[in-house]
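What follows is a pair of complexes built around chain A, which joins chain B in one and chain C in the other.
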Partner chain A sequence: MVYVAGIDIGSAFSKAVIMAENEIIAYEVMPSGGNYKLTAEQVIEEALTKAGLSLKDIAYTVATGYGAASASFSSETASDISCLARGVYYLFPAARTAIDIGGQFTRVLKLNNRGRATAFLLSEKCAAGSGRFLQVIARVLQIDLEDIGELSLKSKNRVSFNTGCAVFAESEAVSRIAEGAAKEDILAGLHRTLAAKIQTMVARLGIEPDCAVVGGGAKDIGLVKSIEEGLGCRLLLPEEPRIVAALGAALVAWEKVSKGG
Partner chain B sequence: MPEEAGSRGLAAADRYYEDYGSRVRELKKQGKQIIGYLCALTPVEIIAAAGLVPFRIKGDVNEPITKADTEMETIVCPLVRSWFDMSLKGKYEFLDGIVIPHACDSISTTYNVWKNTLNLPYSHLINMPHSTDGPSLKFYKALLNTFRTSLSKFTGKEISDQSLNQAISLYNQNRAKVRELYELRKASPPLISGAEVAKLLIASVSMPVEEATLLIDSVIKEVKQRGGVLAAKPARIMVVGAEVDDVTFIDLIEDSGAWVVADDLCPGAREFFDDADVTADPIEGIAERYLRKIKCGRTFREKKGDYDDYLEERFGHIGRFIKDFKVDGVVLYIYKYCDPYGFDVPAMKSYIESVGAPVLYLEDEYSMSTIGRLRTRIQAFLEVLGSK
Partner chain C sequence: MTEEKKPEERKRRKTATEAASRVGPMVKAALAENLRAKEEGRPIAYSFIYSGYDEIIRAMDIVPAWTENYAGVCGVKRDAQRFLEKAESENFSRSLCTYALCGLGFDSWREETGEMPPNPPWGGQARPTVMLGSGQIICDPRYKWYQAAQHYMPDVPVYVAGLPYPPYEDDYDYRDVQGYYVKYIVEELRGLVAFLERHTNRKMDWDRLSEVIDISDRTWNMISEAYDLRKAVPCPMGTGDAMNTMVPMTFMMGTQEAYDFFKDLYDELQLKIANREGVIPDEKYRLLWGGGLPSWFALTDFNYFNSKGAVFPAEVTYRLVEPVYNLDLPRVSDPLEHLAWRWVKYWAYRHDKARKRPGSNPDVERLIEYIEDYKIDGVVMHEAFSCRSWHPGLIWQLNQLKRIYRDIPSLILESDIVDISSYNEADTRARIDAFIDTLEAVKSR
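Take a look at the complex of A and B:
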């Protein structure tokens, strides 16, 4: 059996996926922290332990993401876009559009019927279009990031926000708390703001069904529902949306090994 | 240009690029007066005709902008702030004057900051109009005549029609050489890299035009002699943007597995592809060139007809470059707060895509710190091109 690995060192979370040929056998997700090199080693080690393997069993490792270069044990690096495209195609072969809501950027990709990206857009260096926005708001409302989604779905009276900027949204949220708005209504309003940004990106690229949503932001069911509402279509959602780029990196590794050897 | 060995060819271009301003520093010692200017829209012919040496102010992506921020808010585009920062830090201590055209708002509205902070013996703003119609051209000609008078007051010598015509012809010879240089980029792989062209053209606006022409000519000869030494790469890229006066971004694309074979940039094709006609009143030919021929986003071109006619008028030259230089993909490289090019992005993107070239739009801050972020996008774009 040939084993390959994919590792994605993101700005917020690091992920590793171990595959036995083209089957996923283990994965790990952990916060990236302040030392990417150390995190890269830890995340692959954890994933390998789950798989009952060690680094020397891995034929090829591909790294991607913000800190790809920190995974010094990897055989090569690949761009986030090509890894995402492969990961999404593996999970949802019918997907022609993919939205990745990461910590640093939101990415929108168009895919062809061979699972290759044919066009893509990234949000600019601005927290308002990315998962970072949710972290900021969770801190202001003093709730766990994981609880945001479910809580926001309880909203009966969505607050509307005037700003698209994360910094201003933070202060706007603070004012709404002072006015006595419910947390769920604030969250629902912020989800709408973020979803609207993402919708604009999708519209610029042109949506083609099926559309998948991946990345850490896709863990937030409230946000996913808000994007679905805006786009007027259902989104394909993987069981673990955070590992899709790492999965794609492992698939790049598997392509290398299977074609090269 | 000094005649000693090594003062010509690619090595010399490299040296003038790296030690930007070294040639005018020498000329200054010989008693020449140096006039700094911003942007390709300064009518350099008039400065040269006055017996002065025009010198293009350049920024530096490796130098964090610090001093400029005390005088200019960050809403001023980062390129203008870097130019100003370099000037404040004494990089261009040899200047006798500064000329600023009303190219864009970041440039023209900071004129008083430049004038009063640098406090040079000569400062002048050419408040050129933004439209290409008859009255605008007439107004612009009047402004150019005012500029001509103002410069002759500064030097104490009249600028004759003859000296203007001579300057026009020297600049036209220079532009013809640049066009000859671009022919070397049409081969596949190109005979000269995008980085080599960028460094040469950036260096060329830091010295008197006759010397620049000789330098470009020497590079053409060297490149022809060395023949096809560049390796084959899978993609041929065109870069479109405002002014790119640093080679870092071009290097980034070429290090990612592509050649940059064409551009719509300054210094670059936009600046050098159109001549000033020699006219009975030399100011006429100069005005036509800067207001009507140079296709910069800062100039509004009204075109009768439908939207497609407008797009063709505004961006048709980009389409022709894509065809003539066999371009596989176009990178729009736009600085944050660049109003003329930022405004143009959606129209430019749809036009370029309509002629069949994929587009990567990158917004940047004119700083090395963003290079990592740009690299992953360029790599992804090249992969997308490869999978077509």
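Take a look at the complex of A and C:
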């Protein structure tokens, strides 16, 4: 059996996927922290342990993401867009559009029928269209990031926000708290703001069904529902949306090995 | 006073042509000439590139100080931040044009201390005798920058030459109104000559002006012919080099030196084509720089594209000439009228073509023309956050291109012209990597 690995060192979380040929056998997700090199080593180690393997069993490793260069044990690096495209295609072969809501950026990409990205857009450099936006607000509202989605779905009176800027939204959220708005209504309002940003990107690129949503932001069911509401379509959602780029990296590794690279 | 910061040491960027490698020393020499002119008491004019008055300044032996260029030099040297911060401390918003901010920061610093800021890039920018604004398109710094600079130099007079051109609409022929524009521009340029005579003790020599215009017309033709050679496969010169060769095009127009430079470039490109010598040995993707001023501090990004097998045979940025023999200019005896006609006809050059394609406009038409002529695989644009005049229309152009012509891979880079705080090399290069992958995916479709 040939084993390959993909590793995605993102700005917020790092992920590793181990595949036996082109089947996923283990994965790991952990916060990236401040030392990408160390995190890269830890995340691959954890994934390998789950798979009952060690690094020497891996025929090829591909790294992607913000800190890809820090994964010094990898055989090569690949662009996050390419990896996302492959990962999405593996999970959802009918997907032709994908939205990746990452910690630093949101990416929207178009895929062809071979799982290759043919066009893409990234959010602006500010945090407005990224998962960072939600992290900021979770801190302000003193709730766990993973609770945001479910809580927002309880909203009965969604608050409107005047800004899409994470910094201004933070102060606006503080004002709404002071006015007595419920946390779920604030969250629902923020989801709408973030979803509107993402919808703009999707509109710029042009949506083609099916459309998948991946990345850490896709763990937030409230945000996913809000995007679905805005786009007027159901989104394909993987069981673990955070590992899709790492999965794609592992698929790149498998392509290399299977083609004799 | 803003604390002096030592700029980051940078390696010199590798150019593909010998001509482009000569440009750095030319800029340095031009700045040194400004400082020498100051010492010798010769008049210096703060000037904007492509304002239709280059030949007038040259004919009157006034030394131009291209303030946008100096801000760009500060950007290239990664030494603009202290001037941007100085301008900010003077209450100018950081969201203004960063060329203007850099220049205003520099001027306020120099005027405040009575001497050049410490270790100014390439010797600094001399105090001007006059400042020549330029009212055209919607670039507000072209008329507001020098007015703002008068806060620090109230004794330095400003002249703003209005240089409009017929806007594009698909339901009228610009020829119906071109005469009005020409008449207006001639009056503006005549006013400029009178202003310069009044404030610089120089007299216009009209025969000399005609000679200078003849040189610049020939230079327009030579540039067009040299740049046309870049259609060759492999491409002998890319946009990275064109961001150097824009210097003699925009800062030295009307000089024999500029003409000779482009004749040398033409000869060099001919030789490269004969030897099948491209920018890179294995040319895989041909890209169009479809708009946006470059990030002057990150020109090595062009080399990064090259390392991925991509070359830029063409760009719309700083290709500010067309062959004069294609402009259908009337024969006129007044040199100012010739300048006015050339100005109007240049801007209307693709009006007729655009009117034939529903949904198009001259800018989109130019993209299509270059995509076809230069066998382009993808389009790259740069949105510089601080430029409000030219950059906002780029995405529209790209969308129209895809709508009325064909879906072509595209990449939009986001940063600035001078403000390095807007730039992230790792992120930019990750985008370039992903774009290369999409080009490959589309090519192998």
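Here is the rule we use: the second predicted complex is superposed on the first by the 260 of 261 C-alpha atoms of A that agree within 3 Å, B and C clash if a C-alpha of one lies under 4 Å from a C-alpha of the other, contacts with A are read in each partner's own complex, and residues count from 1 in each chain.
In this section, a contact is a pair of C-beta atoms (placed from the backbone, for glycine too) under 8 Å apart; a residue touches a chain by one contact, two chains touch by 3 or more.
Since the model is a prediction, treat every value here as computed from it, not as a measurement.
Enquirer: If chain A is used to align the two complexes, do chain B and chain C fit next to each other or clash?
Expert: On the superposed model, which is not a single observed complex, chain B and chain C clash.
Enquirer: Which partner does A:Glu229 reach: the first (chain B), the second (chain C), both, or neither?
Expert: Neither chain B nor chain C is touched by A:Glu229.
Enquirer: More residues of chain A are touched by which partner: chain B or chain C?
Expert: After superposition, C is the partner touching more of chain A.
Enquirer: Looking at A:Ser79, would you say it contacts chain B, chain C, both, or neither? Reply first, second, both or neither.
Expert: Both partners, chain B and chain C.
Enquirer: For A:Glu146, is the partner it touches chain B (first), chain C (second), both, or none of the two (neither)?
Expert: After superposing on A, A:Glu146 lies clear of both chain B and chain C.
Enquirer: Please indicate which partner A:Arg116 is in contact with in the superposed arrangement: first for chain B, second for chain C, both, or neither.
Expert: both
Enquirer: Looking at chain A, which of its residues have contacts with both chain B and chain C?
Expert: In chain A, positions 79-82, 112, 114, 116-120, 122, 124-125 sit in both the chain B and chain C interfaces.
Enquirer: Which residues, counting only chain C, touch chain A once they are in their complex?
Expert: Touching chain A from chain C are residues 395, 399, 407, 409-410, 412, 414, 422, 424, 426-427, 430-431, 433-438, 440-442, 445.
Enquirer: Which part of chain A faces chain B closely enough to touch in the complex?
Expert: It comes out as residues 79-82, 112, 114, 116-120, 122, 124-125.
Enquirer: Touching chain A in the complex: which residues of chain B?
Expert: 358, 363, 370, 373, 376-377, 379-381, 383-384, 387-388
Enquirer: Quick check: in the complex, which residue numbers of chain A touch chain C?
Expert: Against chain C, chain A makes touches at 66, 78-82, 112, 114, 116-122, 124-125, 204.
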